[in-house]
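You will see chain A twice below: alongside chain B first, and alongside chain C after that.
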Partner chain A sequence: MLKATIDADILKESIDALSALVTECRLHTDENGVITRAVDTANVAMVSLTLKKEAFESYSSSKSELGLDIAKMKNVFTMMGKNDIITLELPENSHKLKISFEGYRYSLTLLDPSTIRKDPNPPNIDLPGKVVLPGAELNNAIKAATVVSDKIALGIDPQAQIFYMTAEGDTDHIRREFGKDEVNFLNGVEARSLFSLDYLKDMGRVMSRAAEVEVSLGTDHPAKFSFYIASGNGRVEYLLAPRIEAD
Partner chain B sequence: MGVLLRDIIADYKTPLSWETLAGVAALDSHNALYQFLSIIRQPDGTPLMDHTGRVTSHLSGILFRAVNFMEKGIHPVWVFDGIPPEFKQETINQRRSIREQARERWQEALERGEVEEAARHARASSRIDQEIISTSKNLISLLGMPWIDAPSEGEAQAADMVKRGDARYVVSQDYDTLLFGAPMLVRNLTVSGRRKLHGRTVSVNPERIVLAELLTGLRISREDLIRIGILVGTDFNTGVRGIGAKTALKLVRNGEFERVVSEKIPETDTESILEFFQNPPVIVDYSLAWRQPDREGVLTMLCDSYDFSPDRVEKALDSLTVKSGQKTLDSWF
Partner chain C sequence: MDFTEFAQICEQLEGTSGRLETIDIISRILTGLPDDELPIFIRFVMGRIFPDWSPKKLGIGPNLLYEGIAYVAGIRRDDVVQVINRTGDVGRAVEELLAQKEQTSFFSENLTITDVYRDLTSIAASEGKKSQREKLLLVRRLFTNARPLEGKYLSRIMLEDLRIGVGEGNAREAIAKAFAVDPVLVEYAFQAENDLGKVALLARKGNNSLRDVRIEPFRPVRMMLAQQGTINGAVADNGAMAAEYKYDGSRFQFHKAGNRCKIYSRKLEEVTAALPDISESLMAATTHDVILDGEVIAISGGKPMPFQTVLRRFRRKHGIDLIREEIRMVPNVFDILYLDGKTLIDQPLSERRKKLEGVLTGYLAPQIVSDDTDEIDRMYRDALAAGHEGLMLKVPGSPYTPGVRGKNWIKIKPDVDTLDLAVIGADWGEGKRAHVFGSFLLACQDQDELIPLSKVATGFSDEQLQEIYSLLKDRVISQQGKEVRFEPGLVVEVGYSEIQTSPNYESGFALRFPRFIGLRDDKSIDEIETLDGIRERYARQGGNRSQ
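Let's look at the complex of A and B:
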């Protein structure tokens, strides 16, 4: 059973965070809120989303598992107005999620959770380098890089006290350096890994809305990007596997 | 081969685009190898061979399928058959005699100069021997892909891997995987998008069958689906003459399975077959990892030893390497 009302913007923000990587996911709900963790079909990136009950206008739920078709949800958004209050309702043992707002009454058939990939285990990775910077800056550097290449290196140079993003194309090169005045070095140790821009540009679009994104890095290790949504009542974490650096 | 359920499954097939298939795929290797051996042949039916007469059709098939899969983000695990259950012996003997007959007819047709006729019989004479299997595994390893020896039927192992969430779907042409409980089966993943069907070449697209949708739609349980299989005939029993999938569905729905079995095929050990489809021997301690292909190793094997054209193999390896530069999160879970 789930019965909740939520601001359209917060719902949209949450679904957008998921849709950057996956088209379907298992939502776990209980009295404290909603969580989901899903890996993209190629096993390259993972998204975790936590939405506390405080993110909702009103919220009550029993422990349950919902199979969400994200593409379908995005269609519903096109009808929503900014700041509409959305009512979500899933009766006990039902497979149809009722979504209503501004005169619209949707009934969406949920996916059978058993047909969705099982939840990945929480990965246990030691990523020593940690910096915090505005999401918009991060996204701008990603966008700049897509013009010259399909991959980008993220790294920390502890001597120079620099967090850098650098993309090498066939003919062109882009490097964006962030000094101490622009990023907060939580742990400025040596790190460098290469990532696919195919993934990063979709994640960047979502992260651009976050005031602060915490980036965790290692060397030839995945990168973790975490940030708050829903005025601090929700948190998103992206984990992206690296590409192999060509010699 | 396989169980003839097409008539009742047709409505539950969803066409798919290749782009939606990324992820780990458990491949029914024998099914794939059989396809390669029967399709990749010269116009008169002679398989591809090196200068010493060793068959290479399967190696060509594996190489180009690997390239195609990797380009689409599909990570294949090749699952090989182990020791068949005892009650499969009859099927195996039948298949052997079909192959032997086909081989004779192929030779006869060649002598008469009837090329098309010869090719048809040649395809039916395809067989997978130890040499084919060991060279296949060799090449698969060199290409950086994992393979698994199933303790018994490969299809059962592949189905179990999907159930456990280690793979997204089974790739096979046979519906048996559904009887083994595979949550999702994907068919027609051929490189060319073409398939030989009853001697004609037809163009085919990938299609998906979700077990839960099939069972809900037919209003039957998985046990019922196995019962239907038993009536039409599986790899483990010959079935009832004159009963097709539609009739079998009706009989099973009406609860007449036991009666038909005791009247028509009393010698069939239906309990053992049901049990085998529901709880087949499988292994769970495997590790799946995809690595960069061993370029030199592949070139040495295919070009130096089996007379492949270095140009074609190099090109295939190029497209494999570029796409597999991306690591997956598997290494960190």
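Let's look at the complex of A and C:
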């Protein structure tokens, strides 16, 4: 059972964070809120999303698991107005999620959770380098890199106190450096890993709305990007597997 | 079955040259497979994905595949093509490239053959604006998860060319052996079912299940094919023959049940929407449930139009109503495979013909049965004079054998014409032809310029390809991917069955069935066919192309 009302923007923000990587996911709900964790089809990127009950205008739910078709959900968004309050309702033992706002009454058939890939276990990794910067800056650097290449290196140079993003094309090269005045070095240790821009591009669009994104890095290790949504009542974590260049 | 295991089996089979040993290996695996994996395995091992009758197409071209591999390996597409050129084989190239994947993943899943089949099915199902992108993502996912050896055979399956020497014959015999059933019944069931996967399941149930197989409307059956021959030879071998015109149109199969009908092309693709006139004609011509075999010809102003006109209609998806008026499509029906719930392919042609005459009003292809070669020869000349391709001679007592190019159907047609043309480009060959050029771009001349006319890829012996390679290898002036351009100099003689208009080549024409006849070392570039000459030949073949 789920019965909740939520601001249209917060709902969109949350679903967009998921749709950057996956087209369907399992939502777990309980009295405290909603959690989901999903991995993209190639097992290269993971997303986990937590939405506390405080992110909702009103919220009550029993422990349950919902199979969400994200593409369908996004279709519903096209009808939503900016500050609409959305009512979500899933009666006990029902497979149809009722979504209503502004005179619209949707009934969305949910996916059978057992047909959706199981929640991935996040790998147990230590990512020592940690910086915090505005999501918009991060996204701008990603966008700049896509012009010259399809991959980008993210790294920390502890001597120079620099967080950098560089992309190497066949003929062109781009480097964006962030100094101490732009980035908060939580842990400025040596790190450098290469990532596919294909994934980062979509993740960057979502992160651009976050005031602060915490980036965790290692060398030839995955990267973790964490940020708050829903005025601090929700948190998103992206984990992206690196590309490792042959010697 | 894990796809790794499948790949290992493929590797074993690829290294097995003996037919019996191949059959033995496959048959031992078949017995152990559960029902859900059996059909997938038997199709995969032949390098096929979907049942032969299925209209599903994977729709992955080499380029999409190279792009997916390039991404996973972390190299450029051009570099993928280079490795393919070097190894001469997409599978081996993929195996090599996947040994050093650049993109890592959080965990790798063991792919099963069922997983692969499911993913390939979703690839085939994605259509519309974003379909290429979706296909690419699925291809990447498969290769990100695939081990090198898996990648080798996965890529070959995607291109539907497994190259491990398992054809239909071996697969049929392996099924018969695995389930101790009669090979003749396996073959019979396959002809009717058109899917060895399904046949394997039936074989597991025994001989009776195979014997009970029936043809059903809307599951297309492969078409029976003809061998080239002579009138005298056919009559000497068989006595009286049933003679019909060989139409210069396109083969079709018409399925009707109740008030529903569908039309399939020779490649068993559904073309119903492109041929509303044929549906209307045949729906009105019979009240029975039938599967008919025939040839569509195009008529304009009372005269048959070239084969191309019909083909263009087959491909057409929009604006059918507009062009319907200009060119009339006429069905010529010459066989019946199914009638009101009964499968007729086992019956002799003479019986099928009687049934056909009994249920179809009009559109029946004329037929004579005769052992008089003079009479048949007269009909042959009538056929040519009327603008048809020649004659079909069929053994009256023979069954309909789907997909078989046997001796029961003989085609009689005039020898093909030939042209002398310049070789201006080539594509690198594949497989055993990897280190030579495999197909050649040919040009005619027009006022001192060479104008591309057609490609030729058949008619060469391996020795000839080697010889041509040595003549051309030092004339390469540019190379892009698998394509090479030459400094012109070499002249070849090429046979063809028809000149067609074509947007693919600068000349505006192309050759139908181009075939290498021989080198013309004795000719220089300025002696090759002119574009005006091509135009003349094209114009001449318009009315009566036999002369």
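Observations
Operating definition for what follows: the second predicted complex is superposed on the first by the 245 of 247 C-alpha atoms of A that agree within 3 Å, B and C clash if a C-alpha of one lies under 4 Å from a C-alpha of the other, contacts with A are read in each partner's own complex, and residues count from 1 in each chain.
Throughout what follows, a residue touches a chain if its C-beta (ideal position, glycine included) is under 8 Å from a C-beta of that chain, and two chains touch if they have at least 3 such contacts.
If you're wondering where the values come from, they're calculated on a predicted model, not measured in any experiment.
Once the complexes are laid over each other on chain A, chain B and chain C cannot both fit and instead clash.
For chain A, the partner touching the most residues, choosing from chain B and chain C, is B.
When the two structures are aligned on the shared chain, A:Thr115 is found in touch with chain B, with no touch to chain C.
In the superposition on chain A, contact is made by A:Met46 with both chain B and chain C. It is stretch 313-321 of chain B, out of 223-231, 259-267 or 313-321, that runs into chain C when the two complexes are superposed. Note: residues 39, 41-44, 46, 120, 123, 196, 222, 239, 241-244, 246 of chain A belong to the chain B contact set and to the chain C contact set alike, using the contact criterion stated above.
For chain A in complex with chain B, the residues that touch the partner chain are 39-46, 112, 114-115, 117-118, 120-121, 123-125, 196, 221-222, 239, 241-244, 246.
Those residues of chain C that touch chain A in the shared complex are 71, 74, 76, 100, 102-109, 137-138, 140-141, 144-145. Of all residues in chain A, those touching chain C in their complex are 39, 41-44, 46, 120, 123, 150-151, 170, 196, 198, 222, 239, 241-246. Remark: chain B residues 20-24, 73, 75, 165, 168, 183-184, 210, 212, 292, 325-333 touch chain A in the complex.
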